[in-house]
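Per-chain residue numbering starts at 1, and chain names A, B, C, D and E are given in the order in which the chains are listed.
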Amino acid sequence: MNASLMTLEIWVIALGIVLMLADFFFGVTPQRKKALAYLGIAALAVMLLTLLGSDAPTGTAFNGAFVQDPLSIFFKRFFLVAAILVLFMTSEFSEKISTAVPEFYSLVIFALVGMLFAASSNDFAMLFVSIELITVTFYVLVSYQRGKLSSLEAGVKYLIIGALSSAFMVFGIALIWGTTGQINFTELAAVVPQFLTNKIFLAGVLFLLTGLGFKIAVVPFQIWAPDVYQGAPTPTTAFLAIGSKAAGFVLLLRVLFTAVPDVAHHWSTYLIVISGLTILYGNLCAIPQRNLKRLLGYSSIAHAGYLLLGVAALSANGQSAVMYYLAGYLFTIVAAFTVITLVMQHLDNEDVSALAGLNQRSPLLATTMTFAMVSLAGLPPLAGFFGKFLLLKAIIAEGPANYGYYYLAFVALAGIIISFYYYFGVIRAIYWSRETPDLSPIRLSGAAKFSIALCIAGMVWLGAFPNVVVNLADQAARALK
Amino acid sequence: MDLQNILFYVFAALTLGCGALVIANPFSRNPVTSAMFLVLTIVSMAGLFVLLHAFFLAAVQILVYAGAVIVLFLFVISLLDLKAEATRRVKLFGLLAGVVAVGAILTIFLKNLGATLFSNDSKPMVEGGTSELGKVLFTNYVLPFEVVSVLLLVAMIGVILLSKKKLD
Amino acid sequence: MKLELLPWLVLFMPLAAAVFIALFTLRLRNVSSFISIGAIVAGFILTVVFINANGWQPTPGESVRQWLPVDGLNVEFGLRLDPLSLMMMLIVTGVGGAIHIYSRGYMHDDSGMARFFAKLSLFTFSMLGIVLANNFIQMFIFWELVGVSSYLLIGFWFEKPSAGDAAKKAFIVNRLGDFGFLLGILMVWGLLGSLNFSTLQGLISQNPAALGASATIAGLLVFCGAVGKSAQFPLHVWLPDAMEGPTPVSALIHAATMVAAGVYMLCRIFFLLNTPALEVVAYIGGFTALLAAVIAVQQDDIKRIIAYSTLSQLGYMVMSVGLHGQTPAMFHLTTHAFFKALLFLSAGSVIIALHHEQDIWKMGALRQKMPITFVTFLVGGLALSGIWPFAGFYSKDSILAQALSRHDFEGYLLFAVGVFVAGLTTFYIFRLFFVVFCGKEKSDTASHAHESPLVMTLPLIVLAVFSLIGGLIGVEGVYDRIFLAESVHSAGFIAALFGPFINAPLAASLGILAFFIGLGGAYALYAKADKDPLPEMLGGLATAMKNKFYFDEIYEATFVRAHDFVAAVADWFDRWIVEGFCIGLIRGGTDLTGRGLRFLQTGNLQTYAFLFVLGVAVALYFVLR
Amino acid sequence: MSILTHIFLCPLIAALVLLFVPRNYRVIIRFIALAGTFASMVLAIKMFWLFVPGASGFQFENRVPWVESLGISYHVGVDGLNVGLILMGAVVVFAAALCSWEIQTREKEFYILLLIMSGGILGAFASLDLFFFYFLHELALVPTFIMIGVWGRGERKNYATFQITLYLSIGALLALLGIIGLYVKSGANTFDIPQMIAYVKTNPMALHAQNFVFPLLLFGFGILVSLWPFHSWAPLGYGSAPSPTAMIHAGVLKKFGLYGLIRIALPLMPQAAQSWMSLLSWLCLGNILYVGWVAMRQRDLNLLIGNSSVAHMGFIFLGIASLNLIGVTGAVFIMVAHGFLAALTFALSGFIYQRTGTLQMVELGGLCRPLRFIGTALVMAAMAGCGLPGFANFVGEVTVFFGAWNRFPAVTVLAVWGGLVIGGIYMTRAVRTILHGPVPAKFAGLEDAGLWRKFPYALLLAGLLVFGFFPKLLTNQIEPDATKIISIYQQVPVAAANTGNSTLACVPVSNFKAAPRDFQAASIDNRRTAIENQ
Amino acid sequence: MQVGLEHYLTVSFVLFALGLFGVIMRRNLLVIYMSLEMMLNAANLALVAFSRFNNKLDGQVLVFFIITVAAAEVSVGLALIVALYRRRRSAHVEDLTSLKF
């Protein structure tokens, strides 16, 4: 047993507890609460640099239940960066929560713990508990603004649909384990070929994927996403859109390609169809959307669809594309939500029109939002472009095996084009909307500027010099085999 | 037919019957009734657990579910005073759609269950006693166990935060 | 200086002048005019020097630069120097020079004189380019350039809507001809793989069937270019309208040079035309001659009458080419350049004197007031009518003789047409003459007219002299050198003077007879007339003639209307089907789908759960099927 | 770093500098933008000057690996195909920067976008790596949309923005699919174009792969170039765009698709190209004839110019479709020529709009009188537009006609009709209504362009005239490299392309459609020399 | 007839379906939540049955986790419902439709 592989997780749990307890000793002034967030950020940054440096150890622990390989390291770095950025956002958002801010920080950290374990989990028990840790934390995070009905409503919706999917997932795990008798992914893979005709086993896999599909919001399990994105506090939405989704993806990758690779190949057509439907649904529904967060909710469905392209490709290239895309998506979506947080600090609705005149109120925010939208739309030179490029490449490479991939590529294309419409709508609202109700300049704290700069840098760096991340993702994808 | 089999059918019937009454009680739509039938369901399921030699889990089932979870439910029900809302009509279309969807899943599943052969050659040996379970739990499953502890912590924080009466 | 450079210099000096004026001296009227005149006069002198040094070498000398070499398409920029082109150069620079000088007087009061001379020089350059071209593409290039410079010159007074319209019309109609021309060129190139005239000629003479079955089509397509540029039926409609330009332009372009380019081109590429094609050419020429002459009889605008006469004379030339008579055609082209320029310039002198009055029925009795113009016009008229011993007589006679010499139906028919048109020509030109110069003043402006200045009359006199002797100075011989390599007769002056009567007595005598009939008719009807007596005599026919047989209207109703109609359909299709329907449908469909799909998101948890379960059910169905 | 890198980095660096200039320093902003574009123009001219026609391989090459695992590298270089395009692009870009004086609002943003657009497209033309090729084009494309949306004019501005965005995005994405398909299917495992071509020479792409990728590229690029029937964005977009944007887009950016077809599609997928070209030849008639007719109906000058620019694309497509050296050379030639021309016309219409406030042709008239220089320039532009000799367009069009004649005679006939007659009609009509006729009283006092303002027009005209008078300057550079591309078609197995069966048997040259002509030409050459010897 | 795995699984799945039906049909959040608990229990039953017939204890351990997690989830969920009720005075799904479309 090699428990030292878990150093990071232990430190993060400790950090969560410290943040929670710090409330008692730190006092309650808003500045101090912010300072707490910065403490957490600093701690996470230190962990990111020391524990997940280039020579992070790999191996397995707990009878193979916990695995530390390039894939999990990639995702752990990813989650840490996401948590850092979300904490920045949270610290800006804290005025809107007004109560129990340190607990919010610590809940973010605990959700991060769940994600870190998810990245490393290699059996169904770990999968279940880590996913539940994430989900339960998010129940609380989503309904955190108790004063707002929408936050509570979103919480309840997330709760019920989440529990429903958990039930399916649990049942699925039961069926898989019951038919095969294997609980460890690696061991399961060895016996899967015998069970390819076992309908009960297949139903189990399907139910399991249902649970994961809920996390990453793919059709037909996408329905909660817009409501919850809209109602939840903005930092939660961001974390949901990036962290929770990524956790879903890392587990999906593990399950599909480590645990049941044969089933995955068996089901390539279904994956194709689902991916296509998700892309279309997200993009089509977003067209008439005026609420910014809801819009991003729909767009996150669409992006889940794009990401599924890489999964559906069933190739190492596709998996690495998924990871690269997620990395780009991280900076992009966090940038967008950070802007929303900052702009809508004193507004109750999140209508697109609230962005009117943003370029005069704060050129930096306007630029950031533009960058985010351009990157989401997948235009050069930002991260989104190269990500989509890689995904499409992965898809087309598989074309000869299954012509469905070609159709899927066209569907993805249609989706991308539709998405231009609403992303440009946002840009248009910023730069040339008719009504400019409020032109007061927006003041940005240094931390906000820093996090925005980080996001922009991330987008540009990934877009202009994708080499590093692509190599890491390739390495990670190889670990799946 | 031996006693075990008879008991299985009894418990199964009880489980399912009470389960059905939880969700669709023709006489009462009161959540309290549902909760009470849920207790019955869970208790009769504990009976099934015993038939499967999962003694510890049967106990846990009754303790945790009937003893804690359902009590929590009842507590909340009485806290919320939900009587007034208990009698809303079900829309026919909704009913139909629900029946179709669930029925479809059920049929497909049962059909395939019937078609699947489980190899039953080895005699069931496993005994779900406390010590056996504990051994496995604290050797192979210590990590999820620890993670669950974090989860419980989170749940605790969450409950406190959500149910605090004042938004300070 | 190397002799070879001289023609290049002649060619490019006008271009240089045009560019220089456009860039630097647009505000300096006199300087500009001197530059332009200097360029063309120098060109004339250099041409003469070159001919003196080089002689009339019948073998074509070429001076070639590579211009556009791509694979099998090797376009050269070369000068072909044979008697044909050298003679044309003399005409262009000589007659053109006279007209340039005349323009200084004519345009004296116009504010755009510098601009005018720039355009004139550009035109000269283009025309020389056609003349000197040694290959099809080069000729086509200058062909187009001539078209555009004519466009610019016709539209010189662009603020007059009619001028703008006329320019546009000329350009488009010319383009129609060019369309055929270019296709012809493509076809010839496609079949023979070369564009160079000498190479092509060599190929064809080596193997007359080289063009194969498409020989006739190719020839006729190339002929289309001539139809456009030389304003042959059915593309003749632009020329009368082109009289909207200043009179020197009419003289230079629409009498002496540009319109002659078609004929020149036909002679240049004569080897491409096979018998069926030539037949068509001949008939078109004959018909144009007839049609234009008939129309000219009922025109009232002094310049339009002369324009129609130009058409008619061009018809003669084309007909002559069609009858295998390149020498007569070129001969007539040469003399025509003299007397038609003379006629136009004299008319211009009249117009200037009457302050831009062009209606002949508002003139009259100008004989006393403008004696020089009177004389020169008379000379021009006589030359046009083709009375011995004026230049026109010799050239026209040689055409008629050519027709007769064919001894077939075609020849006789066209001969008859020629003689009849000769009579008509005399009739309408003397109708004009009598109405304008004789009789009594028919308006106030006419009574206050006075003679033009020397700068205008001097060119008139020079041209008049040439109109008189043009038939006798051996022009024909020069042309014969290239067209009939073997017999180069150098007859004496007297022999030349009476040559036609000896060589083709029938043609000469019938021609003279036609002249007198025409003259008599004109005198009887118009010598004292105040208004036109013909409409009463001819009725509807006169109206039709006056309205140019409704060609403009027909074109309006067919070509223009058809194009506009197709354009309207295309536009409609573009607006409603491509843009409206297809795009609208896709866009609207997407939008509607989006809006519709959104309603799945009812906000009701129950619906959500149901959809979730439904999704599982469907997935389960497919997976476990 | 090669001079090419400098050429396209100059504007981008200027854009970066502009980011940090306060927005009210208008003069400085303009100056920086002009300096950036001017520098790149000077460098481009220098490059054109130093370029050695027919040298083997690429010149001014520079290669830096970027993403090794995918075989993407930053690779720039020029050969005869793009050297003229880069020169033209740099000149047009500078002219557009000069013409940007008409922009009065949010100048800083405008210049930044303009510079990004400029740098992007110049870089795209210089790129020899498929990825960068596409990437830089997209980089240039996006600002177009924003510029039309923000600084556009007319009441249909929003619709135009919408349409142009969607169309061009669709086109670009289809092309992207094609490019990815190319990478994946060629098996060369590199995005490097020369390497791909070399690889494909020995390992031709499978036929089904070609037939999947080629139409993607054809229609993807086709949409970018407004191939009929995907053209309706162009007139509308240009009609609404601010003139510098229209100049760069119509002049330079639009050539990308055509360049892509020649650079990528033709050499890599010869069989598919063979089978798709006859369709293309008919589609290009849609551009030449149909759009020409549409142009005849336009009442708005910009729409007319836009439509005519679409119509001109047809000639280029025809040249490409003819798949022989003459046609392709002509196509490249028109690409350069049309760049100058489109930029010139849009600049002029922008000037007229600026001065008169309208582009409705009925409201204008007689402008040659008050606007002498502009009027003259517009007449020249119109003449160049209807293919008049002396301007570069003529050379290109005639070359294309010659190239296409043997392969598609019927199409060529109609194309000549479209070029000579229909083009002539709408161009002279426009000149007649706008420049000729009496001057409306309100326009009598308009002020002509001053010396400085004249400069961009003169520059563009000079471009047109220089290449119109001395086409050899360009054809000598194009031809050797076009030969390299076309040479594949001399020995290409036609089999499946025509007959539909997938045997890749090598059919002898004589079966190739264009071959009889070449054969004939050769024999004619022999005869010609025989004659000359006599 | 010997009661085998199939029987248990059938019971388990019918129970699961019942829970599912409850989630879809019932409007009261609490009852929906109870139905969800029933579904989890169905999974538990399946696991225990498999555990018995597979001769492995892992299934039972999983059940243990599931029960724990379910308890935690229930507590959070009920707290959430209570908080909602305090704001909205309702625990019915029809009243939770402010976020839609």
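Operating definition for what follows: a contact is a pair of C-beta atoms (placed from the backbone, for glycine too) under 8 Å apart; a residue touches a chain by one contact, two chains touch by 3 or more.
Being a predicted model, the structure only gives us computed values, none of them experimental.
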(request) Give the fewest steps needed to get from chain D to chain E, where each step moves from one chain to a chain it touches. (result) 2
(request) Leave out chain D only, then trace which of the remaining chains are still linked through touching and list those groups. (result) one piece
(message) Touching both chain A and chain D, which chains are there?
(response) C
(request) Give the label of the chain whose average Cα location is farthest from that of chain E. (result) C
(request) Look at the interfaces A-E and B-E and say which one is made up of more C-beta pairs in contact. (result) B-E
(request) Starting from the Cα centroid of chain B, hunt down the chain whose centroid lies farthest away. (result) C
(message) Quick check on this structure: which chain has its C-alpha centroid closest to the centroid of all protein C-alpha atoms?
(response) D
(message) Suppose each chain is reduced to the average of its Cα coordinates; what separation in Å results between chain B and chain D?
(response) 70
(request) Express in whole angstrom the distance between the two chain centres, defined as the mean CA positions of chain A and chain C. (result) 77
(message) Roughly how far is chain C from chain E, centre to centre by C-alpha average, rounded to an integer in Å?
(response) 96
(request) Report, in whole Å, the distance between the mean C-alpha point of chain C and the mean C-alpha point of chain D. (result) 36
(message) At least two partner chains per residue is the criterion; list those residues in chain E.
(response) 9, 19-20, 23-25, 27, 32-33, 44, 49, 53-54, 56, 58, 61, 65, 69, 72-73, 76, 80-81, 83, 94, 96, 98-100
(request) Enumerate the residues of chain D that touch no fewer than two other chains. (result) 166
(request) Would you mind listing the residues of chain B that make contact with two or more other chains? (result) 94, 97-98, 101-102, 105, 108-109, 112-113, 118, 140-141, 144, 148, 151, 154-155, 158, 162
(request) Could you please write down every pair of chains that are in touch? (result) A-B, A-C, A-D, A-E, B-C, B-E, C-D, C-E
(request) Spell out the part of chain C that touches chain B in their complex, as residue ranges. (result) 606, 610, 613-614, 616-617, 620-621, 624
(request) Report the residues of chain B in contact with chain E in the complex, numbered from low to high. (result) 1, 4-5, 8-9, 12, 15-16, 19-20, 22-24, 29, 31, 34-35, 38, 41-42, 45, 48-49, 52-54, 56-57, 60-61, 64-65, 68-69, 72-73, 76-77, 79-80, 82, 85-86, 88, 90, 94-95, 97-99, 101-103, 105-106, 109-110, 113-114, 118, 120, 122, 124-126, 128, 132-133, 136-137, 140-141, 144-145, 148, 151-152, 154-155, 158-159, 162-163, 165
(message) Going by the contact rule set out above, which residues of chain E touch chain A in the complex?
(response) 9, 16, 19, 23, 29, 32-33, 36, 39-40, 42-44, 46-47, 49-50, 53-54, 56, 58-59, 61-62, 65-66, 69, 72-73, 76-77, 80-81, 83-84, 87-88, 96, 98-100
(message) Please output the residues of chain C touching chain D within their complex, sorted ascending.
(response) 66-73, 137, 140-142, 144-145, 148, 151-152, 155, 158-159, 161, 163-165, 167-168, 171-172, 175-176, 178-179, 182-183, 186-187, 189-190, 192-194, 199, 202-203, 206, 563-564, 566-571, 573-574, 578-579, 583, 587
(request) Would you tell me which residues of chain D are touching chain C in their complex? (result) 163, 166, 229, 231-232, 236, 290-291, 293-294, 296-298, 324-326, 329-330, 366, 368-369, 379, 383, 386, 388-390, 394-395, 398-399, 401-403, 405-406, 409, 412-413, 416-417, 420-422, 424-425, 428-429, 431-432, 435-439, 471-472, 475, 479, 517-518, 520-521, 524-525, 527-528, 531-532
